[in-house]
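Next up: the structures, one after another.
Look for subunit A in each of the two complexes below; its partner is subunit B in the first and subunit C in the second.
Let's look at the complex of A and B:
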C-alpha cells in the first residue's frame, strides 16, 4: 500500500492539520485568523474602507463567541434574585462568591473532579497509544490481511456508540464492573477514530525519509519514535486535544455505569445541580460550568504552542 | 491493493459492521434469567432525586435503616430526569444487576408494566397489609393496568395557575384565578392594557415541554378529552373547541409559548401561567413581586403528573418484599410530608394533611395550600397522552402547529389517526383480552 502513496502530497500537511484543529476546537479563532490575513492583504490594495469592514467583521465574531461565555461568567457571580431580571444586568451587583461555595457544598464537587481527571487521563492515554501504534502498523508495516483489518476498524467507526451501549452494559455488568473505574474506562478506550486519523497522517509522510531511515537500519520501533512521530507531531497533538476534550465531556456511558460520586465524572455530577421538576437555581450551575471549563482551557493554551512548533518542524523536513 | 472500488469498500464495511453488531447483541441475556444479582438485604433505590431531593431521600433512608435493622438502602444517582432513569433501567434489564426500587414517571411506567418488567404490587401490598385506601385515589390509580397497580405514588405534582398579583391589581381584577376559560378571555384584554406592550398576558411551556400536560385542563374544561380509554377523541367537538380557544389566545396576542415560562414569570414580564407545583418554591424565592396561585380554571379538571416508585419483575421474592417495605415507608404519611415540604410536591396520603407538622406548614404557606386543596379535584390523565408510546411528544407537536395557526380540525384529525395507529401496532396485541 505504501508504494502507491507517493510524495508530493506532503505540501498541505501543515495546512490541513491547522485547519483540522482549528475547525474542531475554535472555529472563531480560525475565521478570525483568516480574516486577519484578508485584511492584511487587502489593506495594500483597497484602502481604509475594507480595513474598517475587516475590523467590524472581527469584532462581530468576537462578540458571537465571547458574549455567551461572558454571560456564564457574570451569572456565576450573581445573587439568585439578580439572575432573572429585566432589563438584564450585565455586571454582578453586588458580586458574590456564594454560588461557588454552594457548588461545593450541594454536590461533592471535588469527588467529581477527581473522577473526571482519572477517567479522562486514563482513557485519553489509552486512546492515544492505541491509536498511534495501530495506525503505524496499518500504514507503514507490511503484513497479510492489513487492508481487511483496517476495514474492520473503519466499520467500528461507523457504528454509533449509542447502539453498542446496551450490549456493552450487559457485558460489563456481568463482570461486576458497574460503578468502578475500569468499568467506565475500558469500554471507552477503543479507538477507530484515532487509527483512521493517524493512519492517513502517516501515509502522507514523505516516502523517501521512511525508506532512508529503513536503509540506515532503523527497526520498526525506532522508525516510529525517531522519524514518524516527530514529523506527525501537529496531527498527534490535535488528536490528543480532541480526545481529551471528548473524554472530559463524555456523558452517556459514565452515567450508565456510575451509581454515585465514587465514580461519576463532572458532566454527570453537574446535572444534579439542576432541578428536574421546577425552577433551577442557575448560579451554581454556571459556577460549575466555569470550573469544569478551566482545565480544558489551560490544556488548550499549553498544547497550542506545541502545535505551532510542530507545524514549522514538519515544513522544514519536506 | 489499496484502490478499492467504492462499492466494494462499503459492502465490506457493512458486512464487518453487521458481524460486529450481531456479535455484541447476544451478550448478557443469560444474566436476566437469574434473579438479577444483588443481595437480598441491601435495597438499591434508583432515583433522579426529583426536585433536588437527595438530602431528604437520604434522611428518610437513614430513618428506615434505624427502624429496620439488618436492611440497608443504597441510593443510586440514576439520572437527571425521568427519561434518563428509564434509560438506565432499560440498560440494566438487558444485563442483570437490577435495582430493587426504581423511580418511574407518569409516562415511563406503562411501557415497563406492559412488557412485564415491573411487578404488579397488589399481592405484595395486601400481604404486607398496606392501607392502599389512604393513598390519594387519583394518584394511586394512575398506575393501574388491567386492575393491577404497578407503582406507588412518590413525587407527584399537578399544574397550578400562577399569577402576578401586581399586574392583577393594575388591571383591576379580583385577587383570584379565573372561574373558567371563558372568564379568562374577558380578563385578557384588561391585562394586556394594564401590563403594556412589552409584557405577556399568559406564557405556557411549548409542545416539547409539556404544553400537552397543562392543555388537558382546557380540553376537559370544554368537555373534550384526548381519548376515552383507548379510543382517541381529538376530533370530539369539545377537544376541537379547546384547540380553537388556544389558537385564538395566540392570534390575539395574549399567549406566548416558551421552553420554560418560569424565568419570564419570575422576571415579572408575564401576568400568568400554568406550571407544575414543583416550581412553587423556586418561583416564590426568585420573584420580586407577590405571587398568587389558584386552582386551574374549571371544576375537577386538573391533570396529575410526576413520578412513582416501582419494583422490577425479575428479582427474587425476598428482595421484592423488602423493596415494598421501603416503598411503603418512603410514602407513608409522615415521610410524604417531610418529602413534599422540602420539594413542593404533593403529599400522596390522605391522612398526611391531618398531621400537625403539615397543618403548621400550610398555615405559613398559603400557596402550597392551594395546591393541596386542589388535589381532590384532580383527574387521571388521558391514555392517549401518558400511555401511548410517544403520546406526549405527538400531542405537543400538534399543539405547536395549532398555536402557529394551522387549522385545528385538520391537525386534531391527524392526531386521531396517528394515535389509533400507534395503539393498533404497539399496544393492542400486548393488552390481550
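Let's look at the complex of A and C:
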C-alpha cells in the first residue's frame, strides 16, 4: 500500500515550472535549473549519521504508537489471573478467547454494534446526500444570495457542538426523541465541512464539459448524476470516508441521548461496560475496545489514501 | 479565506492553469425562476438542519445563561448576571481554566511541533517510511472513547503498561488515577497520542507542495540547516501552521470523550476538568443548565476572541 503518492496527490509535488519562475524571494542562482529535482532527493546530500538518526526516529515513533496497541491486544487474550501480575506478561500464555465471549454475555454487545451500524450509516448517508446537493446548488446553480448562503453553511464549522448541546438536548427531549435513533441522527445530519469540500470539487470541474452537457439538453439532475458525479468520485469517496469515521466515533451526543442498549452506539456501550463493576475487569473491556477499533482500522488500511486526501483537501484549500 | 467566501469563482484554485471555471447556464430568461426554486429545494434541508441545530442553540444558549434553568423543569427564571458573577467568583473556575489552558497549550504545541518533526522525518527518503506514515496516522481514526478506556489500563498504576516499563528501570509509577497533576498528564498524553497523525499528515502534504529549489539555493549560498529551516521552510509552511493552529486549538478545547471515560473530570473533584467538561457536569450531572450555559457562553466568547487574534496575527504576518 503506497502512501507516498497519497498525501502529495492533493497538492503539487515539488516545484512546478510555474512556481519556480513565479517566486519573489528566490535567490536566483545560475544552477537553479539543475537543482530543480524532487524535494526528497535532498536527503542524499546528508551524511550517514543523518540516515541512522532517521531510522532511529522512525523506530521510536513506531514503538510509541504500536506498543500500547499491542499491549491492549495481548491483554484482551489473557486469562483473568494473568492480567493482574507483576511483572506483567507480554504474551498471553495460555491465550484465551474468554474475554471476548464474556463481553458478549455481560453486556448486550451486539445491540451496541447494531446501533452503531444503524446510526453511522443513516447519518453518513444523510450527510453525503445533503453535502452533495448543497454543494451542487452552491456551485453550479445561479441564484441571488448564493455567497451569503455559502457563508451561513460554512460558518457553522466555527460553532463547537459542545456549546449547542444544552439547548439541543432540551429541544430533542421535548419532542420525546431521547432514546430514539432519530433523536441521535437528525441533529447530527447538517453538513458544513462536506459542503465546502464538494463545492470546491465541483468548481474545479472543467466548465466546457458542463456547458456541453447543458447544450445537449441535460436537466440539472441528469447533469449532477451523469456528468458532475462521475468526475467527482475521488473527492466524494474521501468525504464519505471521513464522515463514516467521524460518525462511528461520535461520542458526546449519543452519550447524552441514550440511556441503554436500545439506541446506544458502541463507544457509549463501552462506557457502560466500564461502569458495570466498581473495580474494572480489564479483560472484557480490552476485548471491547479492540472490537470497537477494528472495523475502522480495517477501513483505514484499505482506503487510507482517500481518507487522507479528504483531510488534506480542506487544509490545502484555505 | 475571506476572498473565497465572498467570491465563489475565485475559490477555484488551479495550479496547472485549469480550464475556465464553470459559467452560468446559457438559458437565462426562461429558466431563472425555475433554477432558483431548484436551488432552494436542494439547499433547504441542510440549511434548516444547520439553523435548528447549530445557530438556534447558539443563541438560545446565551438566553439560558441568564436563567436558573435546571434542564428538566419547563420554567426558567431570569436571574440577570448572577451566573456570570458566580462563575467569575468561584474557586473551581480557576482550577478549571488552568486545566483547560495547560491541556490546550500542551496538546496544540506538542502535537504541532511533533507533527512537523515527523513530517520532516518521513519526507526523507528512508526505507519503510510508507508503513511508518500509516502507523503514525492510524490512531487518529480510532474512537476517542475506545482509546481513552484502553489507555486507562495502559496507565493503571499497579498493573498497567507504563507501570511495567517504569518498574523495569526501577522507577515507581506515579498514581495516574489519584494525583491530579499526573491525571492531567495522562489525558494530555492520550489526546496527543491519538491526534498526532492529523498534524503530521497536514504538514506532510504541505512539505510535499513546497519549493525544493529555494532550499537548494539557500544551501548553495552556505546557509546552515537551522537558517534554512527558519528562513526558508517555515515561511513557506506559514499558511499550514496557521490553519493547524486554529483547527487543532478548536478540537483540543472541545475534547470530551477522553476526559469523560478516563477520569470523569477528577481526581479530587476537578483535577482534569476542562471548560467543556464543566458544561457537561453542571448541566447534566448537577442539573444546573443555566449555569452550564453560562460556562458554554464564556467558552464560546473566548474561542471567538482567540480565533480573531489568530487571524489578525496571520494577516499582519502576511503584510510584512
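In the analysis below, the second predicted complex is superposed on the first by the 217 of 318 C-alpha atoms of A that agree within 3 Å, B and C clash if a C-alpha of one lies under 4 Å from a C-alpha of the other, contacts with A are read in each partner's own complex, and residues count from 1 in each chain.
FYI, a residue touches a chain if its C-beta (ideal position, glycine included) is under 8 Å from a C-beta of that chain, and two chains touch if they have at least 3 such contacts.
Note that the structure is predicted; figures quoted are calculated from it, not measured.
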In the superposed arrangement, does A:85 touch subunit B (first), subunit C (second), both or neither?
both
So, does A:154 touch the first partner subunit B, the second partner subunit C, both, or neither?
both
Between subunit B and subunit C, more extensive residue contact with subunit A
C
Which partner chains sit in contact with A:272 here, subunit B, subunit C, both or neither? Use first/second/both/neither.
first
Could you say whether A:57 touches subunit B, subunit C, both of them, or neither, answering first, second, both or neither?
second
Figure out whether A:114 sits in contact with subunit B (first) or subunit C (second), or with both, or with neither.
neither
A:163 in the overlay: touching subunit B, subunit C, both, or neither? Say first, second, both or neither.
both
Looking at the overlay, what does A:256 touch: subunit B (first), subunit C (second), both, or neither?
both
Please work out whether A:66 is in contact with subunit B alone, subunit C alone, both, or neither, and reply first, second, both or neither.
second
By the touch definition at the top of the document, which applies to A:136: first (subunit B), second (subunit C), both, or neither?
second
Residues on subunit A lying within both footprints (that of subunit B and that of subunit C)
1, 4, 83-86, 147, 151-152, 154, 156, 158-159, 163-171, 255-256, 268, 271, 274, 280
Per the touch rule, the subunit A residues reaching subunit B in their complex are 1, 4-5, 80-81, 83-86, 147-148, 151-152, 154-156, 158-159, 163-174, 178, 255-256, 258-261, 264, 268, 271-272, 274-281
In the complex formed with subunit A, which residues of subunit B make contact?
1-4, 9, 12-14, 16-17, 20-21, 24-31, 37, 48-52, 54, 74-77, 79-82, 84, 87-88, 90-92, 94-97, 155, 157, 262-264, 266-269, 276, 278-283, 285-286, 288, 306, 343-345
